[in-house]
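Chain IDs A, B and C follow the sequence of writing; residue 1 opens each chain.
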């Protein structure tokens, strides 16, 4: 068979497949938020919470900042309204008028902009936690520019606000951009207190109903997950992920599971520990030495 | 020494080094597949298997889909033929005529397009597995747009077809693009059954000769690897990685090693377990509680 | 409240927040190295150490290589001088004349170019280690194009030279670009001997004062970290991370902590082991089998 007819046959086969598997097509459907636009939106939001760090031009001065920031906020308002309208469309009745979705999306976008000062209040404590938690850190600029844990918590605190505003789909898309960049996977639903620091961070997973107190420090590869999943409807809405109280440190590779699991304040969880029950305040949990075999 | 002569000296030093380490140069050699082109090719292929999800424009309708898809298939055929020609050149005798390589590459590219409907048949089951396996998942759009595990298995199923078509180099380049994006490292040789779901996924590694049954679920940080490596020639071609039977769940951070290791159907492997031997069907393997020390 | 006044109010709130949290602003300040420029710089440097592998055009020949390489070196000299000047500005007294910083930055950039032949000497051994260490590897082109471990060590060996030249900020920014791409987080201060191979690599962490001998092999998820952190000033400058002697293999997920911890030559550390003390040469450390519970 020649090239042209082979290609034509392949195209027909693919088109036929689109008819058969309707649930993994998005044809004859309204547009979804675009991944590349959501990525740009996240970068604009990070520019707003950490002004002057990421651009290529010399940093703006105080006089021009009203214009720079005003323009950036207007762009975020426009792009976020557009993306949130598309996201809302996926969960609202088909007949919902576009104007109604847009108004709801715009309200959420304005609310998000309004929360950024509070987000910055908390991020200030996170940057301090990174500086005091890592002996290798030497300046705020260094941790903001090059610490994946700081990038992840900044992105999360913004995505979490969108989650609280009940915007569907978008918070998870934002968190996934950050997961892809940093290896840190924080569900936008997770509630995280101030002065939070993730060091290194690759492989960290924190589920939707995780709750974390103040001054908690987490290393790479830590999972705060669900103990088991017994079917969607039963589990959704229940608290499925652990609670970590104030001033807990969790070392690399530890896995803590279950919605009833509470790690008491001031506890230390050692590396590679697998824990599915609560521990009292001030407990240290380690892999017991005899579990190693030397030969 | 002034800037200009220092630069000239550095350039000479580097050129001299190119003469000495011939095996890490690619000078006076035919072009290799380009990393950025391979990335675009992967995105086109993902657009073909999940139509309408990733673009910025409103989704196309059924009437226009023949043209949109036909154009996309023609571009994949062109780009894949070009990349596969370059890849084949690296393993064929130098004297092989270009036309011969191109014909072989074109045949592989057409075959790949022909397999996409079957790839979609299986991906439909994977998307369903993600939806039913994660209580936090709310729609096919959400898991296709934002679940790294779904992105990884879609990319793998396409790369695996290219691997079966004996195209060198390219399948591994495709899988590495996905590894970089998702933290999930599946060798294109791995054989994976339907309804497969990787949750979170950062740090997952699955070796070349891994075999996986139906309805298997894997969490972040799981390694399905080789037990040991005793020299290239001896090991290549042998089964070096585990077999996972139907309906097995493997929790975060578990490491399962060895080509003779079989995890029997319906088994559950707990988090952080390190396992180098087979377990019978229906077994649950956990880290024993006493291995933890509380104080 | 209408859209315009809501937006204006949000902008004012954000500007107000910039006044309150001065330490997470970079306003009225000199420009920092730009993340996107640092990424391009890294790619140019990788092109210099592995010539002919990454471009889209057919590889250059020996005759044209002087011009291609000369132009690339001149660009690196320009871009690196610029970025290093900005980085030096963050640690020098405000009054330091720009010309003085530029001269220092240029000297470092020229020195870096001068070390690239030595960097290539060692990278040659690393590529050989990847080829002989992985039965699935079939050519130097394959490992250079698609092995994240090879990308990570190449990037590290360059960033480490900049670290030795006392350029602030930039080495860490370079290593973080690679961390984001590969999931491998090597602090630019780590000292690593020849014939080093990281397989798969996602989740690997190696701290600033890590020392690694020759022919060491490391798998995904391995941490070489600090045992504990007792405050910045006390800890900074001390050796806080392990020493790994020649011909050690460390399997997936092992965590080795502490500046006094020495893993003796020829040792093997099993998967998921958590180790905080030295082991003698030739030791094998495994998770003890009884720590698993089968039921």
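Just so it is clear, contacts are C-beta pairs under 8 Å (C-beta built on N, C-alpha and C of every residue); 3 or more make two chains touch, one makes a residue touch a chain.
Please read all numbers here as calculations on a predicted model, not as lab measurements.
K.L.:
Chains shared as neighbours by chain A and chain B?
P.N.:
Per touch definition, common to chain A and chain B: C.
K.L.:
Could you classify the chain B-chain C contact as same or different, where same means more than half of all interface residue numbers appear on both copies?
P.N.:
Mostly different residues form this interface, as fewer than half of the numbers used are common to both chains.
K.L.:
I'd like to verify one number: the distance from the centre of chain B to the centre of chain C, where each centre is the average of its C-alpha atoms, in whole angstrom.
P.N.:
That pair's centroid distance is 24 Å.
K.L.:
Chain C: which residues touch two or more other chains?
P.N.:
Touching at least two other chains: 183, 202-203, 221, 253, 272, 287, 290-291.
K.L.:
Taking the complex as given, what residues does chain A use to touch chain C?
P.N.:
48-62, 65-66, 69-70, 73-74, 77, 106, 110, 113-114, 116-117, 120-121, 123-124, 127-128, 131-142, 144-148, 181-183, 200, 202-203, 219-221, 251-253, 270-272, 286-287, 290-295
K.L.:
Looking at the complex, which residues from chain B come into contact with chain C?
P.N.:
Result: residues 3, 6-7, 9-11, 13-18, 20-21, 23-37, 90-91, 168-169, 172-173, 175-176, 179-180, 183, 185, 187, 189, 202-203, 205, 207-208, 221, 223, 225-226, 229, 231-232, 235-236, 240, 253, 255, 257, 272-275, 279, 283-291 of chain B touch chain C.
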